[in-house]
Each structure stands twice: as structure tokens, then as C-alpha cells.
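Below, subunit A partners subunit B and then partners subunit C, in two separate complexes.
So, the complex of A and B:
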């Protein structure tokens, strides 16, 4: 495999990189590089040998041409908020960070398009266009920090993707610097593709096709109005019944999010959002559309929640109450940080009707491994986020946390689901890929990757497991926190 | 590329050994534009054997459903057509999960008949769903008016199975509505026109059928005012679809004699009732609102609209606000999906030179706004004269060539009728 052909970083190459980028764009001190040793998947850590902070596609092109000549592998990085170890260096000494490519280049309201550099923060796009009644639909929980480039790599979702779709549904065109340094302009501002859908192949490729430097995104019209409900249940089963009842009624809400008791407690301890601490589960349900129709729809949805067992349904009375509910939801991950020194967030998916089963299974897995596992997730599309609490100073508990995570993923697959809904395979789930894909599937996927990156130098050892071996073999330097 | 009768007889014998003699025959009618021999395998396993045989003997094959998409695009017939007609089973419909798995030979109409009982549909609405197989719909990235509100194939296809190089049976995606595991083979296969492999099975998200469907129509003396009204409406309220039509198309649809705006709307009762009042206010000109059976009939006529006598039908794609200027400068009749920046243009009978000049001029205008033109259909006598696709930029084309040679190293999958001659 070409992976084995990657060269190590030598001082001559570092000197040439300094000549291309200047000293201020290069981080090489081990103490400073430690910041980049992991993303949101903190179980495994490995700092790059060198971090580059280029300012433009032209600089990235020059860098990649040099790395290509020297056969040195690299890993792209946005804000490092990923949850699957997507930007963990595994056999790639050089990390290239896109954070300086942070300009919104053009906003075109007439065509509902925006052109941005890939280091632009997700929320900044919506902030730039909200005044004119538009937003950028994909809204991952990390949207205050994560970048559009990172979203493109992971095909990120978020609560409102139930109605509005994930990143791939909103990216029309890309500029990418391929691993050989060639700059390619793919797709464009039209809604029809010319030739193969290369943009569609790159979105979600987890940074293995090259470094995306610019994107043409679709803007979505802000709905005229929203109604946000909080439905309170005695247990998660009743809450999942309500989700099925709502969807079955033909309503597609903007979002349906579930939080279980452990998460409710964590959120209340951290933010006092007014969630009932004695509830077994809550649903945050958001409806959007035409104001004239929404009150009736909200009442109907509230009734469906009650008839499914909700003990109480609260309606957010104003924007402030709505914001409080969403703050509680989006900061749930941070709140969990108060409950344990470490946590790992899973991202499995099951067919929506299997939610009660998978939640029961997760509870059993938690008991079996003597772990606490909370659930906060996108119930509307069956995308679960079990949060496994652990303390990395306790090697046995860490081992149990990893084992529990794997068991949850296996359970999702056994129920006809998938390993990941929006976080990506990264390193976290790479050894589970054969659970859902045959050897032939994986061969064809790795061939597709080589269309863009024949030598496999862009983010090596990700997504597709190496034939006949686990990733650790290829990456002796990578340390798990075991 | 004429194939001798001896060769045909040999092909028939060879493939009869795989699928049985009853499922091999000479091509008839429009099929003969696609291929000389039609082979109708029973399943992906037989297709896998067919592919291996074709690769070994360098036999050019072309997959087809109802032989429509292929008959429109092939310049010369392939040696064999692989018909998906026997892969016609809906494998799994899960109304509560809102997903459906169906073999590639199932027609869109058959699929939607099955889901309608549960108030759902696959909201891709190309013309003539009864003649559109799912495989062809995906391979040709077909679409219809509802793309405005529901998206296109690439937004709804969540899993795919195909037979590729070496007879590999490959699947991507899965059965769940949200899934980022592995590379997105659904996007790769969508719009690939059979050049990368033979799609055998598709999995889609389905959506609730609109509880009510209504249509507003209004006539305008000129294109600019029709388009301005369309933009105004699109900005103000959620619509199911939005079309602007040229005078002959309007007349054929019985919507006056000028340019027309057609806006579909609806949903649950309170929304439909509100829009029923609000949309005429926004249009502010003479308009007609259709409800119930009349609205559905008009919607289906718009969806299926065609001018079959056209010498050529072209698809123009441009940023939505740039499309009217291109249409205004173009001879021919059109139906434009105004919110999406996509129009079907019908060009009347012309000689090859004139048609070539017109298409070149539209391409030039589209390119200036980073749009492109695809010639969807050409009268057979003009077929060799017209380039079907714009050329992608050089770097993109290099990647597309690599994609083709990676997926189809022997060059047997429907070659010669895609971008750049792929």
C-alpha cells in the first residue's frame, strides 16, 4: 500500500515550508503543538510534528506541491471540534489548519448563495445573512466554533437537519487543493451538476480528498415563524412514542431533540434552564413555517405528545424562552463535563422506530460496564448521541468506556442502522466499518478515494480500515489514553 | 457501429448461458438505438456474471430500464443492453421510518402507488413516472417541478447497490435517513448515466404527500414581469413548485396566450387555506386558483409536459436570477423551474448547422454566469452533430476521467455519451 511509502519530515523540508509561508504561519514547538493533539474525540492523542497556518489556496497549493515531491503525508484541520478523531494525525507529520481562510467572499441574495472560504465559522454565515431573512441550515452543536471546511469534511448535521438536510444538501460548489497541489474548481452556483457529482463525493470524505479552500453554499429563507415546545415525559420510551406519533401524523418539524434524565440533570446543574429535574426525558420540538398555520399545528403536536404519555407540554412564549431551550440543548455536551472528567460521544443511527429498543440496549450496556451513559440526540431522524462518562486516569474505566461505545455501535448495526449519522468515521469507528460494508464495498470506496489522492497522503489511515490489520499497526506513534 | 448477424448470434448464445435463452432477444423499436441484443437478467448475481463476461471479451454494454433515457443519449448502439425489467420488486417499505428499498427496475409510478396507501411518496417527479424506472431516474438524475420544495435525487437517495468492475456487487449508504459512514457512493452514481456500473437497488427517504395540492396560475405579457412575480412569490411564501412558461407552452397548458406563472402550494388545511388567500394578493393580477382534482390534473400536465416534435430539448442550468436573461435571448419554447434556475428548452425543427449555432450561443451565455447546458434529446438525424454536455473545467475533467477509468478500467459501461466523451 502507498501508505507505507510516506516519508518523514526532515529539516530541509521544514526550511522550505518556512520559505513558502513565513515563520508566523508555522508552529513547531512541542508545547504549542500539544494543543493540536486531538479533536473532540479525546480518547486518542497524537500531536503533529508541524502545524501550518496558511492564508490562501495559493499557499496551500505551494505547500502540497512540496509535500507531494517529498512524499510527506498531511492532515487538514478546521477548528478541531470533530468528534471522531477526523483530524488526529495518524502517520501524517504535518497538520494544515484552515482557520486563516476566514473571509465571507460574496453574498448573493437574489440567487440565495454565499461564497465563503473554508475556515469561516459556521454560525458566522448565518449571522451575516440573518438581517435579510436568510440562514445557513446545517447547525451542528459546535456551530459557534466549527468551520465550514470541517463541516464539509464530516458532512455535518445538527438539530434542524431533520427538515432542512445536512451539509451535502447545501454545498453547491467547492474549490479544493488536491494532494498534488493542483487547485480544482468543482460544481458551481447552479443546482444541476455537470458530469460526475465530485462535490457530492468530497463532502463527507473526511479530509481524504485534499484541502477544501472555498465553498459555494445555499442560503435558506428564514421561516416566517417558529413554535417551540417542551414536552416532559416520565421515561424515554414514552418520549420515543411521541416522536413516532408526530412523524406519522405527516408533520415534519424543524427539529425534535431528546434529552434523558442524566442530561437534564447536567444541564440544570450548569445553566438552570428550567427543565424538570424529576423527568425521565424531555423533547424539544420546533415547528416552523407560516405563522397563520403554526398555532394549530403546535396544538396538534402538543396533543400527540400528551396522548403518547407526556405529563406536561410547555410552549415557549417568546424568543427568549426559545433561546433558553436551545441553549440547554446545544450546551448539553459542555454541561456533561461537570459530571465526569471525560466523556465520549457516540453517533450511531437506527431506524426511528427502533429508538425504544436501542435506548433499552444502551441502558443495559451501561449497567454491564458499570458506566453512566446519558442520551441527548436528534430523535426525529434516529441519530442517537449516547454520552459515555469516564475518567481517563482510570485505565480500566477508560477501557470499559471504549468497549461500551463499540457495543452500542454493534447494536445500532444489528437494528439495521449505521455507525455514524453526522460525526464521521475518523479513527474512532474505523475498525467497525466491516460491520456495515463488505470487502468489495471497501475496495471500491478506497478506489474512489484514490481518484482524488492516488498516493493517499491526505489524512491517511482514516475512513477505510487497512486490509488485514488495524490502524495501530500503521501508526506506532499514536497513543491511546489507555 | 453495425454488428454482424453472426456476432449477434454469438452474443445471444453466450448470454443465454447466463440468463437462460428466454431472457435474451434481439433489440426492437427504440431499443435498437441502445443496443443490438437485450439481455434481461433475474438478479444482481446474473448481472455480475454478465459484467465479467463483457469485461473479458470487451463487449460494450448499456443498462436500461424502459430504454428511454438510453435511446435519447446513445450515439451508436452498444453490443448488449442489460434490461433491469425483471428486477422489479419493492424490497422493503417502512412507512413509520419513511424509507423504501426497491430494485432498480421498479417504476416510479409503481413505487408511489405502494406508498400512497400510507400517505407518502418519493417526491421526485420527472415526466411520465409510469415509464421511469428508479435505476434510470438515478442514473440520469431526472427531476420534476417538486425539486423546489423536496430536492432532487441526490437529496433523497440514502442507499445504492450496483454491479461494477469485475462483477463486484457494491453497496453504499444504508437504510437510515441520516448516515455519513463511508464515501458517498449515492452521489457518485447519481447522474453518472450508466458509465460507472449498473444500479440494481435503490433506497430512498420518502415524504408525506401534501394533504392538499393547489395551483395558482397567472398570465403576463412579457417574460420579465412573469419572472418578477415569480421571484416575489418565492420570496414571500413556501411553495411546492414554481414554473414560468413561454407562450406556446402556456397555450398548450391552457393558461392564456402569453408568458405564464404557475405556482403549486398546499400542505395541511390551515396552511393551504392561508395561502389560498395570500397568493392571489401577492400576485395582484388576473389569476386563477385550482383546487382538488383540477389542481392535480394541472400539476400532472406540467410534470409530464413535452413538445414531442421538437428537434432538440435542452436543459439550461444557471443561478436562478440569471436564467431569465438567458431565456429572453434564446429562440424556442420553455418551461422554467423558476426557483431552481433550471429550464427545459424546446427547439423547433432546424437544420444541423442552425441548431448547432443556437446551442453554442446558449452555452456561451450560460457559461458567462457559471451555468451550463445539457442537450437532453435530439432528433436522431441531428444526433451526431450536437455535443450533449458542456466541457467541465480542465481540473474537474481530469478527475472525471480518473473516476471513469477507476470504476470502469475496461471501458465497457455505456461509454462515449457522457461529459468529455466518457
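So, the complex of A and C:
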């Protein structure tokens, strides 16, 4: 592998790091490091040898300069809500967590932008500007905990991505500490980017280009009004037909989310949101815009759902009912925890019209592996999230869960889709990258990466598989898995 | 990878011999409710302050799981991070997966207390707290010198001479100069047909903030409840549960249950939300007790809160009471009993009251039972944050539902010389019902 030689961590380096950051920013004892051994992707575990908790870009820069001199690799971590093992250390002894870079630096309503440190929690951005009628549009279901830095690294989306776009559409500029410690400013506060879109190259890089420390984000005006409806179907086929019908009609809803029977069951057990337990699938559809036009639009969408086979359409009567529906949706992943000890959330994309097919395929895969798989996803843009239930104490079931996940992704690709809609490649899907990209594509990508990180010490062994057709990355990444 | 550095190992703690594994102590299956999603992180006051995963609910559950599975020794780090938990249960509100964190940490605490020999200072402190707090008579004796000093105006001097560690404790005790809370007239005999309610007077509350008990009873009576009184009140047991002393907690619970049973089906209230939540958990605590399991469940189901009961009787305030008010969610009321809207709705129903929402209203103030006595630094940090948020509202009153929070927040505001008045919901209702100048 042509990555620069990576050195291991020695006590002299630890002492120097301690001198740079102070004791309270250094975590070095195994008991404390243990809680950092995985993120939301719990199938693989590996604790870092050292965790750093810096408070500023300047500190990160000093740290990276030292690590660069010593040729030591590192992995960035935000809130650790990632679902693809993005912040799992794989040959990176040092983990650098941004949770203390959590200040909102400046809010500029006139120009509709906000400047934040990268450890700021997604929801806190919207909370800070809501009083003035604004919000930060990308709304991953983990928004109450995940960080802007993590969102940038994964190019995260959310239910409202359908209308408003993903993270990259909302990042105007950013500050990044490159792996050699240099602090770079990319993009800027203006809408138009001149020259190459370097911000675009960093968004979605999954921490392989350095550590993002600050970002200028676009603020979006709260829509004047919203209408949220719940359409209830006997099966997922009918629900997906409705999705296609709605999009084909030219309406662009703020969000269209689907939950199948298994998820409905979990959500009802958790929140009593009033979803019918006997339904095969439900759609949550949200329209937003100018109040005057919305009622007619909502009625039309309700009709489309009915004519596609909805047995019932309910309209949220007030903000409280709307909140209940969204709570059920946004916390659906977690609610699944009530059905099984562990789950793995998959994240694939298919062309919207092929949703019925992929769902049938997923059901077959589940049967083949004797697993339960639920589906809750952003139906509007064909971004599926099959949730595979398993029990980590049963090694065979765990293996079957991993296999099922792989098969689902292959099926997505076979249908002309993609490996990830928003959760990233991480370690989870690195072996699947050659399914979509030719060796040449992958070489171009690693060349691009090398521009920022020539020695490949920023989050090594992620995203781009080692060249040479070797699909399976060997140890150390699978070491603690099963 | 060649010679990895030897990570420093966590300092061991003195363990008692023949420790049972945690697996036998916690309800092991409950640990698997946690799916490691991290949605609880920002709801946890200790994480909000330290921003470290081991001080988060997810981190603590992970530590408990590792302890239960023998993957980790009960070393000083594990004890430290479990100790720092406030048991505020903010994580339960946030968790989509229904993790019963309160239940898990209680058992884990018991396990720690049983297996770890604490340094002598902590041992003495914890024994003192356990020997004094549940017993009003003993507490009163302890307070006599301070009340005497207050009478002579010598508190500032004592405060100056006291070691820093004592100063925060001293500050908690309200000075005599504080305006005496309005006390509603004692409940008159309501008709036998009226619904009944009984207020558990608590132990610390009875000594330091008894007006809240009386005003809770007075407000209930004003709304048409028949107020019953307990014959003998013992501590609810919350303090012991927080310190892992299950045996005494169960004794207290049984005594209270007998007394509550004697009072028929009266709704059970406490001016201290921590006590109310503890009583609401008797069913769980005594689930395996052949004699008490059923009565404990029945008693737990009767626990109610002042706001909800007042609204249920559709109580109408007749006087105007002009005040800018903000409301702090006491942990065990909001996260423990799920009571959030009722007190707010009741406050809004008072003519003249403007309710201003408090930022981070349901983030713990650091009082947390005796936490502010055992984890001073964290408690101080949290109450500073709370006071900042309160001052940002510009309100004249902070209304809340727990005497512990009241003492804690009032002490901080006094230290800052801020004129905001911290007041229990029951005392505030007394002002609103009787008129501020009555």
C-alpha cells in the first residue's frame, strides 16, 4: 500500500501532546478509552490508544503538526453517531474529538448565514435562529446529537433533503486543519464560489482530508406554513406507488418518509404516536410554503395517495400532532432497539421507481438469512434504510446480519442505485466501493485525497479501498468485530 | 503495529473480597435496550459540561455493560464516572429506545458501594449524610448554631472563616432575612365526597422549607380536595437509593406504604419531586417482596402532582398577580414523572402572570438530592449555567417543583446578588391565591 509509513505512538509523543493540550484534554487510560471504541455502527469495535479533546483550531493545528513530524495517523470524531464506523480507529492510534469546539461564533441574519465551530450540534444551530424565523435545513434524524463537523464529513441529509438538499448545499465556507497542521480557509461567505469547488471536495470526505474546525452555513427561512399528513397503506407496494404519483404530479413536498410494519410496531411501542399497528406501511408527507396555496395542495396530495391505494389519509390538525408524527419518525431507529438487542442500519439508494422491487428483494434477503429487517426511509429520494435486527451475543446471527447488509447494497447497485445516501462509506462499505467505481475511479479519488493528505494519515483505511483489486481490507479493522 | 505504548492503566480501587460480578446485580437484559445511537448525549448535564463520552449516558451504560461482562475491572475511573451521574434521568426523556437508565444506575451504585472501599473522608461524609438527612429532629439540632449565628448577624463572618468546601454547604441554608413564604390557611374539613389527597412532608423539606408542604395542602384544599394527613412520616428512601443503600430504602418504603394504605385511595403528593418520584418507584423497588409487592404497586399508582390536580378541579384564580415568571423543570418531576405542561398551564391561568420560557429548562441545576454536597465542582458548574439562563429571561420569579432545586438555585442567585426570587410552585400559588400583600 502506497500510504506513507505510519509510526506508532510512543510515550515521548504523548508527553508532548500533554504539554500542548493540558491534562484534561488527554484521555489515555483503557477504562475511559473503552467508551470510544465504536460509534452507532457497533458491529466493529476498536478503541484508540489515545484520545485528544482540544478546544480550538489552534490546538488542533499544533497537535497535527506534531503528529505529522512523528508520522502518526489520527481519526477525527464528532458525536460518534455515525452509522458506518467512520470514526472507528483503523490503524490510527490517536483519536481527536471535536466535542469541545462547540461555539456558535456569529449569526448574520441579513445575509442569512451563521458561522459555527465544527463541534456544534446540528439542532443547536436551528435552535439559535428559530426565534427569528430561520432554520438550518439539513436535518438528520440524529440532529439532537450529531455535530456539524460530522454532517460535513458524511454530507448528511435528512427527511427534508428532498426539497432543501443535503449538507453540501448549505455549506458556504469552511476552515480545515490539514494533516500537516496548516490551517486552510476554503470557500467563503458569499454564495458564488470562484475557481474549483474545494469546499465540495471536503464535504463528504469522511475525515480523510483533515479536521474541519469551522463552517459558514446557509440559513433558510422557515416556511410560512406547513401541512403534514399521514397516509396509511395495506402494503409497501401501494405506498411506493403513491410516492411516485406525488412526485410525478409536480408537487415537491418538504419530505416524504416511509415506515413499514416492523417499524410501525417499534414506534408505537415507544411513543404511542397513534399509527395503526395493522397497516403494512405509512407515509408521512409534509408540504411547506405559502399558507394560501397549501390547503389545496394538501388535498390534492391526499387524493393522489388515496387513488394509489391508501386506505386512510389523516391530516395533522395542529403543531402538537405534527410534532408527534415527526418524533415517531425521527426516533424510529432508536425505537427499533426495543425489538432486538442490536441493529445495523443500512443506507442505500435506488431510483425512486424501483422502490417496490428493492423492498421485495430485501424481504427475500431477510427470509434467506432468517433475520428480521424493517424499513424506514426517505422515500421521496429513493434513499432506503433497511434496519437489520440481530443479537451480538449470537456470532452466527451477527455474521448473517453483515451478509444480509452486503446483499442489500449489491441489490441497490444492480438496480442502478448507490451504496450510500447519507451515512457514508466508513469501514462498513469500503469493500463494496469497487461495485460502483472502476479501479481508475478509485485511483482518481485517492489522488484527490493525496492533495490534502499526501501521507494518508487522516482517518486511514477509510472510504477508498486499498488498490490492487484487494477488496477485503485485512486486519486490523476486523480484529474486534466478532 | 510495533510496540504500542503502554497506556497508563486506571488506578485500582480498594475492593472488598469476593465481589459478585455486576451481571448478577443489574438487570443484565436491560443493558441491551441501549443501541448506542448517542441521541442522549446533549440531554445529559454532565456531558454538557465535560463533553466527554464517559460522562454521558451512552458511555455509562457502556461502562456498566463492560463491568457486567467482566471486560472491565471496577477501577477508579469506572467509579469516578458512575459517581458523577446526577441520576437526573434526562437521558430517559431523550432515549428513543426506552433505556431504563434510572433503574440501571441505582443497581450499579449499590454494586459500587458494596465492592469499593471509599477513602475515609468520603466514608465519613456519606455516613453523616445518611445519618442526618432522613431525620428531621437530628437536622434541626445540626442547624441550631447556624440559626443562632444568623440571629446575631454573624453568618458572613462564619462563611469567611469556613473552609471552601463548607462554604457551598452553608450557602444552601436560607438566611433568616429571606421573606417568610406566605402560608395558606390550614385546610378546613371538606365534604367526605370530595376527592382526597395527602402530602408526604419529607425530611429535609420539613425542616428547611415546611411552608411548601403547608401551601401544597392549602392549595389542594382551595381547589376542593379533602386533605388527609399521614400519622407517621418517614423518609421516602430516595437518598438511600441514590447511595446504593437498598436495605434501608426498602424499610422506609414499607413504613410509608402502610401509612398510605391507611388513608384509602388519597392521591399522594410531595412538595419534593424527588420524593414523589421515589414513591412512584416503590412498585419496582418492592417487586419481589411477597407481602408488599401489590400494595407498593397500588401506592405508586396513586402518586400525583400539584399542577395536574389543580387543573383537574378546574381551579380559577380570582385575583390578579402581576409578575414575569419563568419555570424550571425539576428533574424528577419532568424526567421522572413526566410532568411538564401542567405547572406551566397552571401558571398561565393566573391573571397577570407572564410566563417566559427558560432556556435549558429541564437541564439539572446540580442539586440532585445530596449531589451538591458530594460533587461540589460539577454541582457548582451546573447551577452557574442555570443562573445564567434564568437571568437571561429577565423574570422576577423562578417557579419550580422541588425544594432541593430551590435551595441550590437561590444560593447561586444570592451569591450573585441577583434580585430574582426562587419560589416553589405551592408558595407561588399561595401568593396568587391570597394576594401578594395579604
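Structural remarks
By our rule, the second predicted complex is superposed on the first by the 466 of 482 C-alpha atoms of A that agree within 3 Å, B and C clash if a C-alpha of one lies under 4 Å from a C-alpha of the other, contacts with A are read in each partner's own complex, and residues count from 1 in each chain.
Throughout what follows, a contact is a pair of C-beta atoms (placed from the backbone, for glycine too) under 8 Å apart; a residue touches a chain by one contact, two chains touch by 3 or more.
Just so we're clear, the structure is a prediction, and the values are computed from it rather than from any experiment.
In the superposed model, A:8 lies in contact with subunit C only, and not with subunit B.
In the superposition on chain A, contact of A:410 is made with neither subunit B nor subunit C. Once the two structures are superposed, subunit B and subunit C can be ranked by residues of subunit A touched, with B on top. In the superposition on chain A, contact is made by A:93 with subunit C only, not with subunit B. Judged by the touch definition given at the top, the superposed model places A:30 against subunit C, while subunit B stays out of reach. In the superposition on chain A, contact of A:244 is made with subunit B only, not with subunit C. Of the two partner chains, neither subunit B nor subunit C is touched by A:306. In the superposition on chain A, A:110 contacts subunit B only, with no contact to subunit C.
Judged by the touch definition given at the top, the superposed model places A:399 against neither subunit B nor subunit C.
Residue overlap on subunit A between the subunit B contacts of one complex and the subunit C contacts of the other is empty. Residues of subunit A that touch subunit B in their complex: 108, 110-113, 154-155, 157, 161, 165-166, 168-169, 178, 182-186, 188-201, 203-205, 221, 244, 247-248, 250-252, 289-290, 292-293, 296-297, 349-353, 378, 381-383, 416-425, 429, 433, 436-438, 440-445, 447-452, 463-464. Subunit A contributes residues 6, 8-11, 14, 27-36, 38-40, 42, 49-50, 53, 79-81, 91, 93, 97, 99-100, 102, 119, 121, 123-124, 142, 144-146, 269-270, 331-338, 341-343, 391, 476 to its touches with subunit C in the complex.
Looking at the complex, you find that subunit B touches subunit A at residues 94, 96-99, 119, 141, 147, 151-152, 154-155, 164, 168-172, 174-188, 190-192, 207-209, 211, 231, 235, 237-238, 267-268, 270-271, 274-275, 315, 317-322, 340-342, 369-372, 374, 389-390, 392-393, 395-400, 402-403, 406-407, 418-420, 422. If you check the complex, the residues on subunit C that touch subunit A are 1-10, 32-43, 51-54, 56, 58-59, 62-63, 66, 71-73, 75, 77-78, 81, 94-99.
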